[in-house]
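Below is one structure; the comments refer to it alone.
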Amino acid sequence: MKDVHAMAPAQGNLRLRSVGLSGIRKPLVVQRAERQNVLAVTFRVGVDLPSDRKGSDLSRNAEILAEIVDTTVTRPVDSLESACSSIVRELLVRHPYAREAAVEASAEYFLQKGVSEERRSFEDYTLIAEARATRGPGGEVELGRAVGAEAVGMTACPCAMETCRAELVREFPELAASKFESLPMITHNQRNRTRLVFELEDGGDVEVDDVIDTIEASASSPTYAILKRGDEGAVVLRAHRRPKFVEDVLRDLLASLPARFPQLSDRTGVRATTVSEESIHKYNVEASHRVSLGELRQGLET
Amino acid sequence: MKDVHAMAPAQGNLRLRSVGLSGIRKPLVVQRAERQNVLAVTFRVGVDLPSDRKGSDLSRNAEILAEIVDTTVTRPVDSLESACSSIVRELLVRHPYAREAAVEASAEYFLQKGVSEERRSFEDYTLIAEARATRGPGGEVELGRAVGAEAVGMTACPCAMETCRAELVREFPELAASKFESLPMITHNQRNRTRLVFELEDGGDVEVDDVIDTIEASASSPTYAILKRGDEGAVVLRAHRRPKFVEDVLRDLLASLPARFPQLSDRTGVRATTVSEESIHKYNVEASHRVSLGELRQGLET
Amino acid sequence: MKDVHAMAPAQGNLRLRSVGLSGIRKPLVVQRAERQNVLAVTFRVGVDLPSDRKGSDLSRNAEILAEIVDTTVTRPVDSLESACSSIVRELLVRHPYAREAAVEASAEYFLQKGVSEERRSFEDYTLIAEARATRGPGGEVELGRAVGAEAVGMTACPCAMETCRAELVREFPELAASKFESLPMITHNQRNRTRLVFELEDGGDVEVDDVIDTIEASASSPTYAILKRGDEGAVVLRAHRRPKFVEDVLRDLLASLPARFPQLSDRTGVRATTVSEESIHKYNVEASHRVSLGELRQGLET
Amino acid sequence: MKDVHAMAPAQGNLRLRSVGLSGIRKPLVVQRAERQNVLAVTFRVGVDLPSDRKGSDLSRNAEILAEIVDTTVTRPVDSLESACSSIVRELLVRHPYAREAAVEASAEYFLQKGVSEERRSFEDYTLIAEARATRGPGGEVELGRAVGAEAVGMTACPCAMETCRAELVREFPELAASKFESLPMITHNQRNRTRLVFELEDGGDVEVDDVIDTIEASASSPTYAILKRGDEGAVVLRAHRRPKFVEDVLRDLLASLPARFPQLSDRTGVRATTVSEESIHKYNVEASHRVSLGELRQGLET
């Protein structure tokens, strides 16, 4: 039988940056201190392809995923990102013609949280992990890793709050009194989705639960599945006492990273995006930034 | 060449309710009084299949769409629903073995609206049209039609508003004064999507712009693309002066129909669903109802 | 604090069919003979609302889900459908004003399958469960349940195969020889998604793995994550030796049910839909049917 | 009224790369030689935000879109990309504090095509346009533009074809004869989505219809809405006579660009991705590349 993949391509001299699988779903079992988490992960995996080779041996990618991911059902791994690192290394082993391999993974993740201890229930988040391996001229492999999460919270608009305050003071002049200065006024509020990803240096490590806590702390308020009447009021009040633009969410998030993640080196990359699904518009507003942790540390000091 | 579709199926005696195309996209040009609207429509079309026939002649469905929809680029039609009625009739003509034919269509639709005259810009909505044709024993064709729309607005929660009022009165006792009774208090607000579809009787007709206006009037407030600072305050105030549960949106919508659509007969069917993308939760709340216009008229009278 | 939900609505006399939550995600642990499955489930839950009540107590729905679903992490349940039955019963308990309650659930589900024993890996499917409870005049509760699944396979078109055979026989007249009659010829093939749901009678029960096997057997061939070169050929050959229209997939599926599910009563309802994502078109073709198992049994006998 | 946006942010020293709107939908009318096309466009627009400013004046973005896009209903523009260039320039004018502005736009696009002249009907494609403006130290504005498209076609796998040939030759030894060498054999085939985007240099220009033709020529075959029996055979035959991996689609596409687009400069960037929705797997395979047109020209010469 002809090895069609190993044949020369019709079009010469074109190395391709990436050939692989996408949208492949797999269950991954992660062992945590207190419990096992079963993640349903979507993977994209690929390697580059030299110019003298017609095709990439794609069934090897599916085999690698079966060997590293499927087996976690009986032998759990530490984390989604450690699985990604194993996968990307193995991609270079099984594709000897490749110089680069990359994995992107995202998975839904459940954590028990609550507005109070007796209201705890599972809230859903998204985990993100990426790994990239490069084969050097001497065969040595260099590994790049990224880890992050996305969480949904809420934002309350600080600008509309001041506009409404001015309007309501006109209608209720007593509200101009200084004692009402701290009275939170009506404004538009909405769902906010914020994503934070760290591009880690060798040896760098983050706990995804900390990433999620950090994101939730940057919104006007986290949101919860179970809110009895009083809790609902508490969440609304909290959000209106911390009104935030997406710009504020993003800056507060970034500014909190040096204190939250002291263990990460200055060369750690940070990518962050926040999207508010505006209640007063049919479209979203969003803010995004990319910076190194070192720049962030310096910038905040000055 | 064998006519494979006309062969007997391997599995005998099974008439199938529906065989057809879905997810087919087409541009449809509608001539309105003031301008032409070009809709990008997603169609699902199908007919039933008798038990003695292996397959449905599906290429005829694509031909019918080309003949009735593609040609509107040079010869616009009156409405999406009139195109659906033509399609469903033609389906029965070209599938002589069929007793029933059905079409479902949805399309994005733009209307110029604004919080004020000088802030008008295009807002996006969804149009819905359905048609169903049944061939009677004597060959006569009976036609059923449905027409509707979906619009995005906003809701402000009346319950959290009262909880927050009670909480803020504890903190600011002056607010207990009766003059502050009408002061709108903070609450959670969010995007709301509401869909209203009429199942029309013979001769019944509705103008989709009226359906959209009716839906928008049922929310706490419509939403707009362009809102300068003062406008934003006005929309927020309006929404907080008309706080609504999804239950209120749905009831107000339904209750407004008799006055809004006096031309429709009692036997007109009404389907309505409203979904609020809760800002304080990661999930949605929704309410839905199905009723005849006659029941609605009677119910509101009693 | 006012109980806003219990207040009378502004619009009188409108009982609403359904008010509830949608898009709420929860992990559910199911105990199977050989292993635990952790499902990430999307729930829609709701109850009707009497005309004299402004709002439904929605936080109770989130509490019920936390109590019945979240707790499966430590106390697994038998199945997604048993969880749905518990939820729908509890909805009627906690919403004493409601006469009807409904739950819809869907979840991704992984099963180890392979083209051969040594190629087994996780394949992904969708589970579907629904439950509906009605409170009778004497307070007795009647329960309706539906269970099903969706699986992706492939179809190869029998019509294009004959067209291509005729064309190739013109080009290669030797192929007209009777010995080549069984030579599978080229045709278009594509992904097919088929969904089968049983509306169960009291006491009726199906195993979802059987539902998935039944669906996979109705396609031209199941599909697999790991296919080495020879396996790929085997799958392609199998599909081309069983060419099927969506009509054939649906009829073969329905016709297989009496033998596959002898334990189900005649009054069991069957809903089935199959969609082929045509490789030669940008749109899909689909076929659907709704029938009782009794009608199916009778029809196949005649 | 306080200008909240212009206030200093709570967190100092953080310039943000991008703040803006996303998911905003607008109708855009493009005047072509033979007809007007009405596109329903999704825009993302944004500018950077200096460290001393709390918020970006987002309503200006919606106003710019209304002024440049909404008005095309009465005064059509040349192309989606020319609209994007106007928008991005205006973003810098209305956000005097910004140094960079960016626009991303995508729109569905219909073209009449057919397997033959009498089978023409509308096929749907996706248009892509991007623009980026940078304000230099002297106030001069530098503009970057990208234009592209996505088209759906089909691929037939060359590897499974050879595996099946070998298998069928075992079963039908006569097929080993040299006259059958060119007999196309069965294989898996499927939908393929391919995207090609040019990052244009100053003055560079491409016609999107040419981009679409180029993409369609790179697949095993284009696909069509209307295919009568004989046409279906012709498309299947064409695809099986040009079997292609995603790697082949991508290389053939890239290799065709120098001849197809001689007017574009060497420094024009090229981004291309192709995804096959494998009929034998539940996941996709994909290949992607990024290169300059100059590198491509040189590489193909050597």
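As written, the chains take the letters A, B, C and D, and residue 1 is the first residue of each chain.
Just so it is clear, a contact is a pair of C-beta atoms (placed from the backbone, for glycine too) under 8 Å apart; a residue touches a chain by one contact, two chains touch by 3 or more.
Note that the structure is predicted; figures quoted are calculated from it, not measured.
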| remark: Per the touch definition, the chains contacting both chain A and chain C are B, D
| said: Please tell me whether B-D or A-D has the greater number of C-beta pairs in contact. | reply: A-D
| remark: Here chain A maps onto chain B under a C-alpha rotation whose angle in degrees, rounded to the nearest 5, is 180
| task | State the chain with the largest centre-to-centre distance from chain A, centres being mean CA positions. | result | B
| field | Centroid distance [mean C-alpha coordinates] between chain B and chain A, Å | value | 35
| Approximate Å spacing (C-alpha centroids) for the pair chain A, chain D | 26
| query | Using CA atom averages as chain centres, what separation in Å is found between chain B and chain D? | reply | 31
| query | Taking each residue of chain D in turn, which ones touch at least two of the other chains? | reply | 1, 24-25, 62, 124, 159, 163, 166, 225, 227, 229-230, 232, 281-283
| Looking at which chains touch, is this a line, ring, star, complete or other? | complete
| remark: chain A contacts chain D in the complex at 1-2, 4-5, 9-14, 16-25, 44, 46, 49, 51, 54-56, 58, 62, 158-159, 162-163, 166, 245-248, 250-252, 254-255, 275, 281-290, 296, 299-300, 302
| remark: In their shared complex, chain A is touched by residues of chain C numbered 1, 24-27, 35, 38, 40, 59, 62-63, 65-66, 69-70, 73, 108, 110, 112, 120-122, 124, 225-230, 232
| query | For chain C, which residues are in contact with chain D within the complex? | reply | 123-124, 152, 154, 157, 159-160, 163-164, 166-168, 172, 174-175, 179-180, 183-191, 221, 223-225, 227, 229-230, 232-233, 235-237, 239-240, 277-283
